[in-house]
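This structure is in structure tokens; I'll ask about it shortly.
Letters are used for the chains, namely A, B, C and D, taken in the order the chains are written, and counting of residues starts over at 1 for each.
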Amino acid sequence: MCGIIGIENNENAAVLASAGLLTLQHRGEESAGITISGREKMRTFKAMGLVSRIFNEEILLNKLPGTVAIGHVRYTTSSKSSLINAQPFQINCIHGNISVAHNGNITNFSKIKELLLKKGAIFNHTSDTEILLHLIAMSKGSLTDIIANSLRKLEGAFSLVILKDRTLIGARDSNGFRPLVLGKIDNSYIISSESAAVEVIGGKYIRDVKPGEIIVIEDGQIKKSLIYKKTKRQTSCIFEQVYFSRPDSIMFEQTVKEARVKMGEYLAQQMKNIKADIVMPVPDTGYFAALGFSRTSGILFENGFVRNHYVGRSFIKPSQNLRNLTATLKLRPIGEVVSGKEIILIDDSIVRGTTSKRLINVLKEAGAKKIHFALSCPTIIGPCYYGIDTPSKEHLIAANNSVEKIIKYLNVDSLNFLSLDNLVKACSSDNKKSDVFCVACFTGKYPTKISKSA
Amino acid sequence: MCGIIGIENNENAAVLASAGLLTLQHRGEESAGITISGREKMRTFKAMGLVSRIFNEEILLNKLPGTVAIGHVRYTTSSKSSLINAQPFQINCIHGNISVAHNGNITNFSKIKELLLKKGAIFNHTSDTEILLHLIAMSKGSLTDIIANSLRKLEGAFSLVILKDRTLIGARDSNGFRPLVLGKIDNSYIISSESAAVEVIGGKYIRDVKPGEIIVIEDGQIKKSLIYKKTKRQTSCIFEQVYFSRPDSIMFEQTVKEARVKMGEYLAQQMKNIKADIVMPVPDTGYFAALGFSRTSGILFENGFVRNHYVGRSFIKPSQNLRNLTATLKLRPIGEVVSGKEIILIDDSIVRGTTSKRLINVLKEAGAKKIHFALSCPTIIGPCYYGIDTPSKEHLIAANNSVEKIIKYLNVDSLNFLSLDNLVKACSSDNKKSDVFCVACFTGKYPTKISKSA
Amino acid sequence: MCGIIGIENNENAAVLASAGLLTLQHRGEESAGITISGREKMRTFKAMGLVSRIFNEEILLNKLPGTVAIGHVRYTTSSKSSLINAQPFQINCIHGNISVAHNGNITNFSKIKELLLKKGAIFNHTSDTEILLHLIAMSKGSLTDIIANSLRKLEGAFSLVILKDRTLIGARDSNGFRPLVLGKIDNSYIISSESAAVEVIGGKYIRDVKPGEIIVIEDGQIKKSLIYKKTKRQTSCIFEQVYFSRPDSIMFEQTVKEARVKMGEYLAQQMKNIKADIVMPVPDTGYFAALGFSRTSGILFENGFVRNHYVGRSFIKPSQNLRNLTATLKLRPIGEVVSGKEIILIDDSIVRGTTSKRLINVLKEAGAKKIHFALSCPTIIGPCYYGIDTPSKEHLIAANNSVEKIIKYLNVDSLNFLSLDNLVKACSSDNKKSDVFCVACFTGKYPTKISKSA
Amino acid sequence: MCGIIGIENNENAAVLASAGLLTLQHRGEESAGITISGREKMRTFKAMGLVSRIFNEEILLNKLPGTVAIGHVRYTTSSKSSLINAQPFQINCIHGNISVAHNGNITNFSKIKELLLKKGAIFNHTSDTEILLHLIAMSKGSLTDIIANSLRKLEGAFSLVILKDRTLIGARDSNGFRPLVLGKIDNSYIISSESAAVEVIGGKYIRDVKPGEIIVIEDGQIKKSLIYKKTKRQTSCIFEQVYFSRPDSIMFEQTVKEARVKMGEYLAQQMKNIKADIVMPVPDTGYFAALGFSRTSGILFENGFVRNHYVGRSFIKPSQNLRNLTATLKLRPIGEVVSGKEIILIDDSIVRGTTSKRLINVLKEAGAKKIHFALSCPTIIGPCYYGIDTPSKEHLIAANNSVEKIIKYLNVDSLNFLSLDNLVKACSSDNKKSDVFCVACFTGKYPTKISKSA
């Protein structure tokens, strides 16, 4: 997963882009970069690590002069973590200098790469985004045509911001897998992965970029907006609302927070037979669902974990005699809250099951009497080919085990999953929109053809 | 403010000390250090910055061999931020190698320093802790006598861990201003600023170190425990429960979380005439009080802010045209939650008032109809001389303005402070204990003499 | 200017390549990199800065596994100093993974780039080397054919090492502008810019790679060696011997040291009418010529400067009142040696004249009575288009001023340049070879066509 | 060994001190620091590493404001390499803020430390310099008296610069073991370990600080100069001239370069029976002696090694199959020069013998026919207690082996040491001064009492 942002016609383009990236940082912590243009020669500054470490006043104000900027934060799924794949990718081609930032996963990457190799293309990165650059470089016509023709050849998930001179382009695949929104601040348009980034930097959310749409913006004007490709129906990733997006981002006419509260309310309806002393979330993603659960069920909401934001990833490898140390350092139950209690514990999802097992063990050691584990989405039985970093099928606990077996493995007293119907209802502000989601990870039915090597 | 920890008789002394420091990191982010002893020569490793950046597996396992360790995280109030003041302070004196880590503020520092200078002492740091080292070096007798005699000369607030060979010593001033607890893991005793640090690393909280107590520990045994100095009554800093401590730490026989929930409950009782649509906390410190408020008042609890933990301190200086950017980057209201609502907003305290003003402004811009601002402690009218970083009197908004004026300044619809009586009740698990707190910042009556220059 | 090295069929490929780069570091201090192959997937590690800072045991042994390696050190002439141009360039193309390291300057770069852009090529770097990668990717046939066909299209100066799987390829332009040698260690072949790098790592120098030659090596065998292009005559850069190369490298059947000694001897013959007390070099490049001068003239050789190797480039900007500080920090005359003396001062060349002027001023201030300045090459009147970083014509002092004017400007008592004939004689171990040098910077007559934009 | 510098009454105090430290960097590469005073509060900036990496324009101009500065570069002999021992040491005591930088070794350190510990002193460092700070803090009277009284208690070797407010003090032990000179630039006095540092920064060398002298300087005036202690005779370290000092520094009325040339001349007289083709130095310290040898003997001077200044200390640990790599990377013989030759090889001294053995082996492998090894000092048979980092007696090859055995070990054809008489003559510009040197390392007779633990 990644986060992207673009802003044009703005004297503070680099500063606002970096503020937007800070707001999108939850979408990727591995690398961050900004390309700037519009005044001097196009230039890109990118590095491994967090936005706040990479960009400071000196770099933003002195090294990135210009009025149009695109930015990218990257999350890596594989071990190919290296600066060479950090985006945006800035290139020089027959059309001049162009820079691209991409969120998603191109599923026919291998096939197109093969064709491009035969034409003599050279690849500098291991990222799938690079084929788009080649397609653009090999296309002819107006800038819009070039982009549209190139994108038409791609399959899979992609939300894009593209920069050329003073022109900012936003584009989204025809399924609308990954989110992309249009916003405005003063006389500047903004394109961003999430509406929260638009609003945090002081802008107004206008609308979503439509599936299959290209928007071409210059000098504070939308020069062109067209649907370059149509697909039978929109299939937007529902996991954005379950887990990935910021709670204050708007998706399908409601905030993600509201969707999550509803997930908890529906879950409470599903579980009305279960009695408990308290309902508590796994911080932070189970938070709003637990709040919704408490409101519907009337069971007392408690925040029974203390989360330590200072703990980094790589503190120390857990050895036998320091077993639970790493777990409790990050997330520790408050004994007083959980001891002797029957608890409904709310999390967003189970993937491998290992983290959940550790947490539940810690809760039991802190004296929890009973644990009813509830998830705000159905069982995940298939990997994602559209950009979410789920592991392959053999590592998905629910793809390989019955609910009974998972109950045993986790050592919980009950285990409940939000039904797919309820999830879809929670995510749609309006029931007519219920048919717009990709739920392939829950059903195994993918909305596009998936090639073997993808 | 600072955090301290000591652990003895443990093969993982350095690892556990660093894990303890991670748990105490909220008490100070400026510098961190560990002294180790018990196997090879005593050595200290310290640096500026966060624990997770300073200590890694390589340093903990290879550079810090030993079985007894003390650690320190430092918060700086003044501009004298520099490695030279990072603790622990390890010295060599007539008694051998000794290391000390200190939390608090010695109020007769200047007077003692003057005496020591006349005796020919040299000072390497600008910290008040250094006088203790000199007093120890100039004392005679058993180790316990040396420490006791030295501490008897000090006035003010100090919780200490001291390391010598395989001996770990914990000590607390006779007023008991700053917290200090005794814990145990397997055959190792632990001394720590907060019980949470004891428990996160797998230990059990035993009891508080008593005001005026010295505890001398060696080889898993408490060798000695004595009261070196008595004061009329204990005056423990009540602000630890209001704001400073971790919610899962135990203070006066209840968790800090429980005290905060009660603060909210009492506040709800005080404000029962005020009607509102929702009650919401300023994250994160207003959280439990808001929960308590909601339970007592029946008003809907909502979490209306999204907090961004990725935003560092020094992103960019706010200029005129980026006014609210820094504020909203860190803490942004969810429009849907607050728009059109009458809100009871709960925070822990008002000091200068500037941050509150900015937050309230942001809430109003997001559409809040009415804001009733409520604080889980009384008005702060005096600076702290015992270690809390409150500014001098002229910067304390409530020391210089009537409540009416503050209401106008903040632009709120009402402003309520928890009464001192209710605060004391919330912080005492048992009413008999109500006379054990320092509440000088609310009353201006200090439990010790304060010299001018302190 | 740059330095390149390749080694194949060797378990210590990365370590030996890095040792070779250390030996070639004088050819470029800006960036360094190594590509490794032959065991796992091809990978490249490169960074800005000196070899000794970039490569350590951890990186060489753990991050660069393989048996075939190429390496590069880079010198930047322009402001385009950035990691993006650091070599080797590793790409993926129809022929698989290929990596290239280049020393020289391709003079028809712009023309070829234009053609490639029209074919849809994308450029990631600003370096001229990238066009070779495109030509390779667009060529067909055997590996040797691909390389040969691509190189045939290039004009200008290039010595190359190319890596693919277990194959190491060395190639040199048909003029033989830049040096390139073949060496061997045990069962491994080495290709390097200079023989010194071959020998320092324990290998034996075999022969020069011939102008227009491609050598294809695999598994310790020379698989193929062919002349892909012929030019009327070899025109190897004579400045390599005057200044650029290490004294222990072999060029035209003698060491560079020997050539420099001879330059001094011929210079002494030219200046036999000039009497002086001592002859002394400008460290370090005038050293051997001064030794030769002393031997022939009988004038006492003295080393009158102390050179400080600790002084970096960017210590402090010289202000008016610290005028000579930066100069004397680096190179200070020993007063006792120079005071009251008539000195013959030997340097390799005058380019802009500013450094010489400063040095001579410092010598005069130290008491030198007379200074006869002598250079071991003729006047430089034309810029280099083949890889040496000489400035454009308007900055070349000898291109714009008579010798009389330069004498006045430098404030010396006489000024002598080695004649072109003598320089050529000094650089040829064998008179038959005298027609093999590029001396364009002394004559303004370039051995290839130079396009305007080159 | 260390280097020290002080400068007063100068607007560029910090810049000139850092330039002086750069010039003294050969005396210690481990840490560097500067204390500044005279305008704002005294402050010290120090760090591990080279001067050029620690001090830049930003730090010198903005972080070190003031008009009086002292500086220090440190060389560590033991493993106690850590920032805590980096100098200058700045303290606060009854006399105010004082900072000290020290070159040498106090031989009665342990005895004084014991006394100080009994008085209650605390030690923060492991350096012997700290006792001086305590003695100063415990003394009374005028500043001069305080320093004089404190220094009178010390035995051993010490050259010092001391800073207090606008006063700069230079002092030297009564034996004059370590060098210390007085210089002047405009209206500012300079105190420095070597005259070269005075002259590089634009000053004039005035005279040596006398053995047992204290010089007190303020506002461009020498306020006081007195001999605080007399010793029978001066015993200045002769090894400064053999090896340690810069060639352009003045010692005993001649440059070190001149002394070294003479050492070579006397050596040539001692060895007139030995015939050879060339005489060549081990770079860089054998250089001037080899030049002197050539002049007296008439044997051709050749520089047969190429030294690579880019090679750092910690490139890679030599393994069996990369045996000679580290050696030849640093210092490689030019085959052409040495092959088939009878060589007189000149170095400054033999300590352990291991480096010499490796060099000679490399020369033989390069084809040297015969090697006559000659040293510009006598056999070293005793360790130094006065600041030079010679190892203990059991590691000194000449303390434990006959010359015959060393010849065998080194595999040379002859081995010659400059006689003590000749060394003393070479180092004295005037024969009357021949009785002023410490030659204890050659004779084992120490000019002061050496306590066991020293």
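Criterion: a contact is a pair of C-beta atoms (placed from the backbone, for glycine too) under 8 Å apart; a residue touches a chain by one contact, two chains touch by 3 or more.
Since the structure is predicted, the reported quantities are computational estimates derived from the model, not experimental observations.
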Shortest walk length in steps over touching chains, chain A through to chain C: 1
Chain whose mean Cα position lies farthest from chain B: C
Centroid distance [mean C-alpha coordinates] between chain D and chain B, Å: 50
CA centroid of chain A to CA centroid of chain D, Å: 62
Distance from chain D to chain C - Cα centre to Cα centre, in angstrom: 37
Set of chain C residues in contact with two or more other chains: none
Complete list of chain pairs which touch one another: A-B, A-C, B-D, C-D
In the complex, chain C residues that touch chain D: 12, 15, 18-19, 22-23, 25-26, 50-53, 56-57, 60, 196, 199-202, 246-248, 254-255, 257-258, 287-288, 291, 295, 300-303, 306, 308-312, 314-317, 321-322, 324-325, 328-329, 332-337
Sites on chain A touched by chain C in the complex: 83, 89-94, 117-124, 133-134, 137-139
